[in-house]
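Common to both upcoming complexes is chain A, partnered first by chain B, then by chain C.
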Partner chain A sequence: MYRGLSIEKLHELLVNKKVTPLELTKEAIELAKKDSNNAFEYIMESEALAIAESLKEPEVNNPLWGIPFVIKDNMSTKDVPTTGSSNILRGYVPVFDATVVAKLKEAHAVPIGKSTLDELAMGGTGTSGHLGTTYNPFDRSHTRLVGGSSCGSAAVTADGIVPFALGSDTGDSTRKPASYAGLVGFKPTWGRISRYGLFPFAPSLDTVGIFTRSVKDCAYVLNATAGRDEKDMTSSVVPVHDYVKDIEKFDKKRKIAVIQEILDTITDKDIKKAFLDNINKLKESGFTVEFVHMDTKMLASLFATYFVISCAEATSNNANLDGIKFGPLSKGDTYEEVMKNARTKGFGELIKRRFIIGSFALMKENKEELFVRAQRNRRAVVDKLNEIYKEYDFIYALAAPSIAPKIGESSDRLSDEYLIADNHLVLGNFAGLPSLTLPLGLKDNMPFGVNVMGKAFDEVGVFQLSYEIEKITGLKDLVAKGEQK
Partner chain B sequence: MKEYNIEVLKDAANRLLLDMSESEYQTLLSEFDIVTKQMKAIGDNSELDKIEPMVFPFEIYTSELREDEAKEPLTREEALRNSPRKVGGQIKLPKVVQ
Partner chain C sequence: MEFEPVIGLEIHVELKTKSKMFSDAPVVYGKEPNTQVAPLDMAFPGTLPVVNKQAVINAIRVCHALHMSIDQELYFDRKNYFYSDLPKGYQITQDKRPIGKEGYLEIEIDGKVKRIGIERLHMEEDTCKQLHFSTFTLLNYNRAGTPLIEIVSKPEMRSGEEAMKYVERIRSIVVFSGVSDGKMEEGSLRCDVNVSIREKGSNTFGTKVEIKNINSISYIQKAIDFEVERQKKLIESGEKVVQETRRYDDAKKETIRMRLKTDSVDYKYYPEANIIPIRLSDKFVEDAIASCPELAESRKERYIKEYGLNDYDASLLVSEKAISDYYNELTKHSKAYKLLANWVNVDVAGYLNKNNLTIEDFPLSAEKLAGLVSMVEKNEVSSNQAREIFAKMLEENLDAKSAMSKLGISSQISDESYIKEVVEEVLKENPQAIIDYKEGKGRAMGFLVGQVMKKTQGKINPKLTSDMLLEELKKR
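== the complex of A and B ==
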């Protein structure tokens, strides 16, 4: 009955007492139980009902009051199992809430479940978590991926079970699945939302992410979650804004850049045409959109740079997963044996390979040539981006070169289309910039999206421009059609 | 760069206190071939030697002092709650001195 409604709409209904938080929560839990996309790690039925039941008097000025939401399972939730979709954390029950979760609970939003992910957020397909593949709700025949690593959060939002969900984003783990699932997927500036309680993957790149079905809804969620947290030393002291207040006041003097070389690597003519048509519409409406250039070789180096840095950082960050402080019991005659058995059995094959690549990159003989060189290249890329940002306020691009891939489909990992068009969103992580994906169109009934990337801490601008683009495309509040199986 | 082969990869795995099946090492070896080719894009740029490595996107300084307030730390029960092996209020490990 309330499935697929926005935060804004639900807030209106709640304030006018047309529905209660308990009714909304019960419906969301029923839908979650029927989920056929393999999106949930854990449904927080008793916890959510207790919270919803305690919410009696609507808070007129608090748009998140009584709104059900879902949390990616790499965020700590007090007294609620949190596995990161890894067997090494099977049975782990945190004793504290991640700050972002605590803030949403303080705002009286109602967490109804934990969503699955690529194991420990390492992966972009939504297939490597310990529950297996998560399906794209826009394809009820279950032949297409929803993308990862925030696959479960993307699936539940696209399916209309909740109006928003938390993800995380290290390379594009929120923004890429958003493109495949017709959603708004947002990563804030690095440091804008506290990461306390988010399992670290590669902390120099990681941010919390937000999924919604409209730009304005996303701004509401950022309003409740942004800000300095003394528990996270990398959270920023830069003042927080009201991201909703001036969302309709985009200043058309602000300039938008499109990187020609990224567009050039996209081979899907329909998607490319939709993007160029959209640029023309923006220009006709008085926006300044211009093409700029980046060296193709530099763009082709993004993926390798990301891969080396993230694997190396992940290697050390996951050293605490040793089967001793938490995780299932493992046998061994020495503590090293206990750890080795726990880690060998507990980690999936894909992330073990990534850890080994990270370990190789950090070996004394390789560190300068691999890890440090990748870090140097990261700075070269960011310097180039900053050059563009001297003259422009936003970089605008197709979020992905295709609609959601079919399960088992593989791409040529040495092609420019893969290296550039499929991986350029990592620019936002390299430079720590706010970056938002929103739907641009549909092809074969599957959505595809565009991405707006702004200057550091210019979340206001990113939301304003995205709001304008959303008005042009008319694509908001998209919900996957068809009933759940 | 150190040459990579199965033995080197096994050494890297061992340093991380984990192991894989033989077929997984073969998969990893072919993955290395791809990653090495991808890395070539970075290796070719001689200008990079002059550039400082970037460790974080930008500096965030935490310089204020916190108030000297007593706070409740984790209780012993909470700290031990998730450990699979504990005894007498402590985490139990195999004997170090045999």
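== the complex of A and C ==
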């Protein structure tokens, strides 16, 4: 009954007592139980119902009051199993809530479940979690990926089970699946939302992410989650804003840059045309959109740079998973054997590969050539972005070069299209910038999206521009059609 | 061939802070295992480090005492390795940018001052404690995350004695500055020694042997002296020193091999991204230094200059912070500085020695002891009486007055005008004794003192009495 409704709409119904949090939660849990996309690690039935039941008097000025949501399973939830979709954490029940979860609970939103991910958030396909592939709800025949690593959160939002879900974003793990699933997918400025309780993949790149089905809904969620946290020294003291208040007041004097070289690598004519048409519409409506340039070689280096830095950080960040303190206990005669057995059994092949690459990049004899060089290149890329941001306020691009790929379909990983158009969203992680993906169009009934990336801490601007783009495309509140199988 | 030992020390000091280096779990000793633990200390996924401000203040104080240049931008790195006592699989430490660089401290060897260079001082966190059994190991995370500083000397020491004095000085600094308990026996000060020998005058270094787990200051000298001899013998007999880690066995009084050192471990250091570089303001650094409790050197100087103590007494007082603290406390109640020092260094020290106690366990408050010393100073009791009173005070934890009344000792009258009055009275009554005295009869003086005592029931100060008598007799 309430499936697919926005936070804004549900809030109106709740305040007018047309529906209660308990009714909403019950429906969401029913839908979650019927989920056929392999989107859930754990459904928090009893926990959610207890919270929902306690919510009696509607809070008129709190748009998240009574709203059900889903949490990516790499965020610590007190007394609720949290696996990171990895066998090494099977049975792990945290003793504390991630700050972002705690804040949403304080806002009286209702967490109803934990969603699947690529194992420990490493991966972009949504296929490497210990429960297997998570499917794209826009393709009920289960032939297409929803993308990752926040696959489950993308799927449940696109399926209309909840109006918002938490993801995380290290390279594009929220914003890419958003593009494949017709969603708004947002990563804030690094430090805007506390990372306390988010399982670290690569802390210098990691942020919490937000999935919604409209730009305004996303701003509501940021309002409740942004801000300094004493538990996270990297969380920023820059004052937070009301990100909803002035969302309709975009200042058209602000300038939008489109990087020509990213666009040039896209081969899908329909998608490219849709983007160019959209730019024209923006221009016609009085927006300043201009093409800027970035060295193709630099763009083509993004993926390798990202891979070296993120794998190096990942190998260290997951060294705590040794089978001694939590997760399944392994046998062994020495501590080395215990650790080896736990890690051999506990990790999937893909992330073992990443650990080896990361470890290799940090070895004394390779560190300068790989890790330090990657860091240096990251700096050079950030410098280049800063140069663009001297003249422009936003960088606008297609979020991905294609609709959601078919499962098993492989792309040429050395083509410029893959290296650049499929990986440029990592620019936002390199520089820690706020970046939002929203739907631009549909092709073969599958959505594809665009991305707005703003200056650090200009979340207000990013939401304002995205809101304008959403008005032009008319694509909001998209919910995957067809019944769940 | 004449050999020269080359010795360098790495000292780990556990900092005495309320909470751990990066978590809010308390730092306390002797609690039930695994009760002083925050999620971070067990490396629960998603926990983040928050730098302990007091630990930084402590590190700055030690840097300052060691004349080091202080890096006002704090950087932390990760040292990556797998071990069962290392919860996170890495240790947060400072690799590239230690908080302190290039310092020194001075030790005295045979009356000569020698300066020992210090390479670096960095902050890091402790591991958890392991208890090994034959078929299993127990882990106690209470210690995990305790703040540490590591002080790395240059290889500039040339004997076990120098190394021992160096450690003594470091210990004095960290204890007096309130930074640490500095107890080697309890592991709050841990010392790894690197020893090699080379031909005297050579500029190259010999093969280095590391001695770990030395748990008392006196063993440092013994371990090094043994190790130097061992290496000498090896070389003299044509053998080679191998790179290895040894430990000191204090029962056998020798160093024993723990393991050979193969290729050095690659710790894959890289910057800790969860702590962004922290800028320390000039004021923060200045305040940390200015608020540092007075160190031993400065206390000693003050004792000598302001209190008029001799070098020996002053040195004894500052050999332990708690003793010096007790002495400082005494000086708040009495200005008889020398006498107080004597009492601490002789009587108090004697009592502690005899009963195998430390000053922390000394039963008498500074106020009580100062009360007794004041009476000695004013000649209200003789020193023999004072010792008797002291013993009674300790026995029943009394103040001086109560102890005296229990012992039936009454205080001597030292009121000079009163004594003078009695003296004059006695002289008037005994003219013959005056004559006897003038004629050089020795017994006359004794007789006169006796008369004074008789008149005052012996409560009068005998020394003052005879002084006064002499003076009065001169006038007649």
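Assume the second predicted complex is superposed on the first by the 485 of 485 C-alpha atoms of A that agree within 3 Å, B and C clash if a C-alpha of one lies under 4 Å from a C-alpha of the other, contacts with A are read in each partner's own complex, and residues count from 1 in each chain.
In the analysis below, a residue touches a chain if its C-beta (ideal position, glycine included) is under 8 Å from a C-beta of that chain, and two chains touch if they have at least 3 such contacts.
Every value quoted in this text rests on a predicted model; they were computed, and no experiment measured them.
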Give one of first, second, both or neither to describe whether A:377 is in contact with chain B, with chain C, with both, or with none. first
I'd like to know which partner A:95 touches here: chain B for first, chain C for second, both or neither. both
In the superposed arrangement, does A:19 touch chain B (first), chain C (second), both or neither? neither
Does the superposition put A:75 against chain B (first), chain C (second), both, or neither? second
Quick one: classify A:324 as touching chain B (first), chain C (second), both or neither. both
Does chain B (first) or chain C (second) touch A:200, or do both, or does neither? second
Have a look at where A:349 lands relative to chain B and chain C in the superposition and call it first, second, both or neither. first
Could you say whether A:297 touches chain B, chain C, both of them, or neither, answering first, second, both or neither? first
By the touch definition at the top of the document, which applies to A:432: first (chain B), second (chain C), both, or neither? first
Could you figure out whether chain B or chain C reaches more residues of chain A? B
Shared contact residues on chain A - chain B and chain C: 92, 95, 204, 230, 233-234, 315, 319, 322, 324-326, 335-336, 338-339, 359, 363
Using the touch rule from the top, collect the residues of chain C that touch chain A in their complex. 39, 42-51, 78, 80, 82-84, 87-90, 137, 139, 266, 268, 270, 273-276
What residues of chain A sit close enough to touch chain B in their complex? 91-93, 95, 190-191, 204, 230, 233-237, 297-298, 300-301, 303-305, 307-308, 315, 319, 322-330, 332-340, 343-344, 347, 349, 352-353, 355-357, 359-360, 363, 365-366, 369-370, 372-380, 382-383, 413-414, 419, 429-433, 456
If we count contacts the way the header does, which residues on chain A are in touch with chain C in the complex? 74-76, 82, 84, 89, 92, 94-96, 98, 195-200, 202-204, 230-234, 312-313, 315-316, 318-322, 324-326, 335-336, 338-339, 359, 362-364, 367, 371
Complex interface listing, chain B residues touching chain A: 1-2, 4, 8-9, 12-13, 15-20, 24, 27-28, 31-32, 34-35, 37-39, 41-45, 47-49, 51-58, 60, 62, 66, 74, 78-79, 81-85, 91, 93-94, 96
